[in-house]
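Heads up, the thing below is written out as structure tokens.
Chain nomenclature is as follows: A, B, C, D and E, assigned in order of appearance, with residue numbering initiated at 1 for each chain independently.
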Amino acid sequence: MNPFALPTREAAAPSAPHPEAAPLLEGRNVTKFFGGLAALNSVDFAVYPNEIMGLIGPNGSGKTTLFDCLTRVQHVSAGEIYFKGVDITDYKPYQVAHLGLARTFQVIRVYKKLTVWENMLLSRQWGGLSMRKKFHTPPAETEDRARGLVSFLLLDRVMDEQAGNLSGGQQRLLEIGMALMPDPDLILLDEATSGVNPTLIEEIKDRIRTLNSQYGKAFLLVEHNIHFISDLCSRVFVLNYGQKLAEGSPDEIMENEDVIEAYFGADGGDDDDW
Amino acid sequence: AAPAAPSEPAASDGGEQTSEAAVSDNGCVGTIKLGAAVSETGKYAREGKDTRQGYNTWLDWVNKEYGGVKVGGDCYNVEIVYYDDEGDPDTAANLAEKLITDDEVDFLLGPYSSGLTMAASAISEKYNKIMIEGNGASESLFERGFKNLFAVLTPAGNYTQSALKALADQGATSVVIAYEDTAFPSSVGAGAQKWAEEYGLEILGVETYPKDVADVSAIMTKFRDMEPDVFVGGGHFNDALLFVRAAQELGFSPKAMVITVGPSNPKFVEEVGDAANYIIGPTQWEATMSYQDDYFGSAADYAARYEGMWGEPPTYQAAESTATALALQLAIEAAGSLDSDAVRQALNDLDVMTFYGPINFDETGKNAGKPMGAIQIQAGAINVVAPADAAVSELEYPMPAWDER
Amino acid sequence: MRTLTEIWKRYKLGPLVLILLVLFLFLLPLPRWLAPERKLVSNSLLFSLTQLFMLVTLASDWNMTGGFTGYIDFGHAVFFGIGAYGAGVMMAKAGWPFVPALIVGAVAAAIFAVLIGSATLRLKGPYFSIAMLGTFVAMREIVRVLRPITGGGSGLTLPPYLNRPLFYYVTLILAVLVVAFVWWLRRTQFGATLVAIREDEVGAEMRGINTTLHKITIFWIAAFFTGIVGALWAYQNTFIDPDVVFFESRTIELVMMTMLGGLGTVAGPVIGVTVIYWLRDILWSNFLQFHLLVEGVLLIVIVLFFPEGIMGLLNDPSATSLGRLWGRYLGEGPKDAYQSTETETSV
Amino acid sequence: MDQLSQAAINGVMLGGFYAVMVLGFSIIWGVMGVINLAHGEFVMVGAYITWLLSKQLGWEPFATVIVVFPVMFAVGYALQHGLINRVIDRPYLISLLVTYGLSIIIANATKIIFTATPRTVDTAFSGFWRVGDVTVPITKTIVLIAALIIMSGLHLFLQYTRLGKSIRAAAQNREAARIVGIEIKYVYAITFAICIALTAVAGTLVAPTQPIYPFMGPPLTLKAFAITAMAGLGSIPGALMGGIVLGLVEVLIATFVPGVGTNLGIVSSFVILVVVLVTRPQGLFGGLKPAGAH
Amino acid sequence: MIGDIMGVNESERPLLEVQDIYAGYRPDFDILKGVSLHVKPREIVCVIGPNGAGKSTVFKALYGFVNVRQGRVLFDNRDITGARPQDALKAGITIVPQLRSLFPQMTVYENLEMGMYLERDKARIKRRIDYILDLFPRLAERAKQKAGTMSGGEQRMLEIGRALMWEPKLVLMDEPSAGLAPLITKAIFRGIHRLNREIGLTVLMIEQNARQGLQISDRGYVLDLGQNSYEGSGRELLEDPNVRRAFLGG
């Protein structure tokens, strides 16, 4: 069954990203303080329609915080955020989601007491459903879509299991499924492959490519799995200590001295880190 | 089972038995069934116990000694069905209903406290069943135009009357009043203000406090700075203890302290000790009062009988419960019938003297005949000091300051 | 047999509807047998059943926020109180007839729920519970202080109107209405959303659920029904004062009954209320002195051995065996202590 | 002015009692995530033991601590072992109901044993000192001093002893605590025992200042709940400050608002509670864990 | 058996021996259906497998967090089946769980101290802390910082440091590299390797980052559906086409 049975909401024509086009998601001068600590320091940042972008950086560099600010989970200390040209700086998280922005969480957030199936269904409806519609049972097409996604993520075996009882990796997969359910335009994945089996990672890679090329979905990926990033992304943004360290194609990034020093580590085996 | 007479803990039924039928060999033909929902647990557990013991004192007497209630030519044994209302008005109402419809009692005896009487009497009124009570003193009970509710006790508004009068006579000129903001104490408080004005006492301050209060030091501080002659406190037993503690701790020494509910209870002296001396309390009844009747004898006789049965001296709540039942008995006998209408008429016409005092119901069902007494604790003893005709001792005034005792 | 179990599992609520319907049909004609000479039903029984229906309604209301949404409200009785006082004041002070007074009470409760809910529903877990408990206590004292309107501590007397069968019918219909409402609600996406909020509110918000709107909506709906019960109760009780209306243990009893039946299930409150009400009856007629004590012990036993309530037992009948029960007491073997709980991100 | 200083003194004294009363509740909540609804009943039991010893055997009430503490420690240990341990891993609602059941049992058993008559306890340290126009009650001063001593002792214990550290560790991450070999049930039992003993000692302290009766518990539990939520779980400075703030607010309002002041004082403490919770969900003084970590 | 071919000390007896265990979370349902593995002294052994295969469950079974219904666990020739965490600790096994397990409000120093909770000799604790801080200079810099405020990599390091406090005979590490930047991942793996070389640390770890994990391992096991499916030396597994296709992503 085609996991993406639903037609996309805005039938965006599949095409290559246009860096000169208007950005889909844009953060200007995004700054975030935790007490005295500047987790993000004047970051300018943009994701363009139809592109797959990578966001990397050492642990604690502010990647998750940037995600949180973009999806309005955290208030920014300064700066503005635009999604599809709308200023969402003061939006509520659910309003952002209604606009077509979905994400996963580094710290897994599934509805632990609900079954996998219920988790999936619940994630579908919220493309801006009116309160009135919520008093109806889910339509068949939603169920079809959920079924497709569940089997794609190899979760059929545990479909009626409570999500809290899944293994760490299975919960990650469920998270990805839940992000895909509402058919968003931009999907932010925060370390979606950490703890996921390599074979499955390959398949997820394929699906992301398909979604991007055939359905015009844009992705923003936070990853420490550098192969994942370099295989998928057309552009990579590197954060370090809350500031932009570099930006460019994966190849450029991999050769960037600063990035190597801060992130990949020089290949000479000095054990002094311990 | 006879209404056995154990000492503490009271309630003979110990558990299973909720009805107490007295079987005696007096050859009576029938049984009159009375019903009462009285707190066994909950916030009125203490007073509820006195109430039950009061009823049971009468029950024991009427069945065993008096030989049953005389109705016309026949005599009837009496049985009382008890339930625990837990101090909850819902339960009280339901139990009243249950007593009337399931247990089919002939008459109802009242619960303890105005609030519960309020709930239960609405039910008895609806069924046109007579409820006679001795433990709901709130005035609002009698403002509803109920025909089936009778109360032998002096209503709350008059609680402080004779005490304030006696104090005014001794030269007191100012008063402060504190009362718990619930039905019964509010009536007491309002009455105290009325009588203070009547007797020319200047009211310096009035304070209310909520149920379950644990600290009244703020009120007492305020009052101390007003330097009143008389302090009036209206509440329940706890509050009485609290007032005395706080006054002592803060060095608040008015010339007289009048506190409802607590002082007239012998337990009060037991708990407070010497500090209880000089404290004045209104009393519905005291064993030392000079009232007398043909049934229980003098007030003192009644007290002796009660103590013999229960191992503790009677509180006035107990005495008025006994008097309640006695009044009902007298009305039934006067009516010569168990019919509600006849008995109601007899109650309206009733005008008797009892060990508890005169009983004479007005048209609202209040006992219009009985004045409220006042006691003072003198060297650990509870002595009636007012009204003058029931007094056995002089009012000691002023009360010495705490640090001069 | 297997298919039966499957049906039960799949349409968890199906048999319940049937049971309720039967119960309803059985209860409906009760007062008709009232003719005293036939003695089938006494007014006292009717009164008890009226109380029972009120409790069912209240517990179902509480279950909407406490059970489904996961907001354990320890001050839910505040809406009962507002309903009672709303209606009581209109009747006693303004001389209104009962029905409009009841509407005033219920609407006042709903409005208050919106106001207080927008503040307290932002709190989590026990903090919400205590804030609502605080609201409850504060409201009681406020009512007491507003003497000119509410009659203060002395309370208000309402015109007595004690038509048992009428109250019986009204509360029965109300109870059925509310239970049916909850049943329907749980099957809608709105109901599922509430459960999602219970499971992970921050996650739900970020997946596009306007959690605030949902919480407040269910909160005022529950408050509205509770307000109706409050008004009915006031009228039936004929007088109200702050202490009887804002009665502390009212809420916690609702919680207890709902838990016993099954938290967050539709039938839970109905079953829980019925069982405890009936149990109480037995207890206090048999253990006059000790009934509260016994009740406390029972409560503990119930919670220890049937943490999922009676509904939990129905869904998992094997859990009744003695060995299993003992196992539960001993603590179900080693816990999954290995996966630590994550910390929450603030919204 | 005198009235103000008198009110301030009354408030601080009341606050001192609140603070010491709240400690046990606060730590049990903070460490084990159990909200002990029978808290007030343990205060009551402590007070009754004191009453028994002082009325029947003529002990000085404050001296009964030497009996109350060990006895209630044992009771707490047993309770934790047999009852609370069984519910500790379950949602907080379950422990709420279990402790609620416990509170009903304790209160009613007490009523059956001691009757519902309110009791008082007399101490040799009664009366008051006069400082200018202000009166300082001696009994309450002792309570306040005792409260301060108990709190500093407890603070040192938690901060610097091995057992104290394991209690804090268990509060922060139960799983991690098990991994490093802390026997969690033992730590919980000790914590519970200490807290119950402290709570009962609060009962001993309060016995000479107010009447004791079987149903005095629930209002105290409510206060403890409010102060803890306001001050932060398991935070000792929080308990002290929270208690004193609440005591002061209650007494000041009661003193300076005529007529209904005492009623308003109670309202205000709950209004403050709600406002504090809504504006600062982690409480005013931090504590063992951030709010909402349950 | 097969593993012995590449084993470091072929003659040596295994330190840990898991013999055909069955275990699960529900009374009627086994997650582990006959898992066997062994670790010899001074070995690094890596377990890989798909999500939900039961890898973490094996660790939980060793550490008494889940009931073993059948089979035996031998450690140092003693039967420790069904041991409680503190028994496992006393026997000499420490664990670094899959998800974070620090005391967030305690300082780095205090967290390390807690690693020796069962030790009462203060001087020895002090010595061990000095040793660990010496081993991890990064932690030494931050000894006074609250653990909860450190970055993910630092926290992982601290967890490993804490597990080493006890001078364990065997450390269980559940995905030590999950969520860590490449730089740190490398450092961690190198560190494990170094400790293994220098102090003979015995490690049993689970890794989804299978290539890197297997590279530093002496031997590896593949677990699938609660059962052993392959075992061999690290290199063998890395090169086995079946394993590559099914578990290493081609």
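By definition in this document, contacts are C-beta pairs under 8 Å (C-beta built on N, C-alpha and C of every residue); 3 or more make two chains touch, one makes a residue touch a chain.
This one's a predicted model, so the numbers in the text were calculated from it and none came from an experiment.
Peer 1: Hey, what chains does chain A share as contacts with chain D?
Peer 2: Common neighbours, chain A/chain D: C, E.
Peer 1: Would you kindly say which chain has the C-alpha centre located farthest from the C-alpha centre of chain D?
Peer 2: Centroid comparison gives A as the farthest chain from chain D.
Peer 1: So the centre of each chain is just the mean of its C-alpha atoms; given that, what is the distance between chain C and chain D in Å?
Peer 2: 30
Peer 1: Chain B to chain D: how many Å between their CA centres?
Peer 2: Centres of chain B and chain D (C-alpha means) sit 36 Å apart.
Peer 1: Taking each chain's centre as its mean C-alpha position, how far apart are chain B and chain E in Å?
Peer 2: 76
Peer 1: Can you pull out the residues of chain A that are in contact with at least two other chains?
Peer 2: Residues 168 of chain A each touch two or more of the other chains.
Peer 1: Provide the list of chain D residues touching at least two other chains, using ranges where the numbers run on.
Peer 2: 108, 112, 173, 175-176, 178, 260, 263, 266
Peer 1: What are the residues of chain E that contact at least two other chains?
Peer 2: 25, 56, 63, 97-99, 101, 104
Peer 1: Which of the residues in chain C come into contact with chain A in the complex?
Peer 2: 187-190, 192-193, 195-196, 198-200, 202-213, 217, 339, 342-343, 345-347
Peer 1: Which residues of chain E touch chain D in the complex?
Peer 2: 63, 85-86, 89-90, 94-95, 97, 101-106, 110, 113-115, 117-118, 120, 162
Peer 1: Hey, which residues of chain C end up touching chain B in the complex?
Peer 2: 42-45, 47-48, 51, 141, 144, 152-155, 157, 160, 162, 233, 237-239, 241-244, 247, 284-292
Peer 1: Which bits of chain C are touching chain D when the two form their complex?
Peer 2: So the residues of chain C in touch with chain D come to 72, 119-120, 122-127, 130-131, 133-135, 137-138, 141-142, 144-145, 248, 252, 255-256, 259, 263, 289-290, 292-293, 295-300, 303-304, 307, 329-331, 335, 337-341, 343-344.
Peer 1: Inside the complex, what are the residues of chain D that reach chain B?
Peer 2: It comes out as residues 2-3, 6-7, 10, 13-14, 108, 111-112, 115-120, 122, 126-128, 130, 135, 137, 139-140, 209-211, 213-216, 219-220, 250-251, 254-255, 258-263, 265-266.
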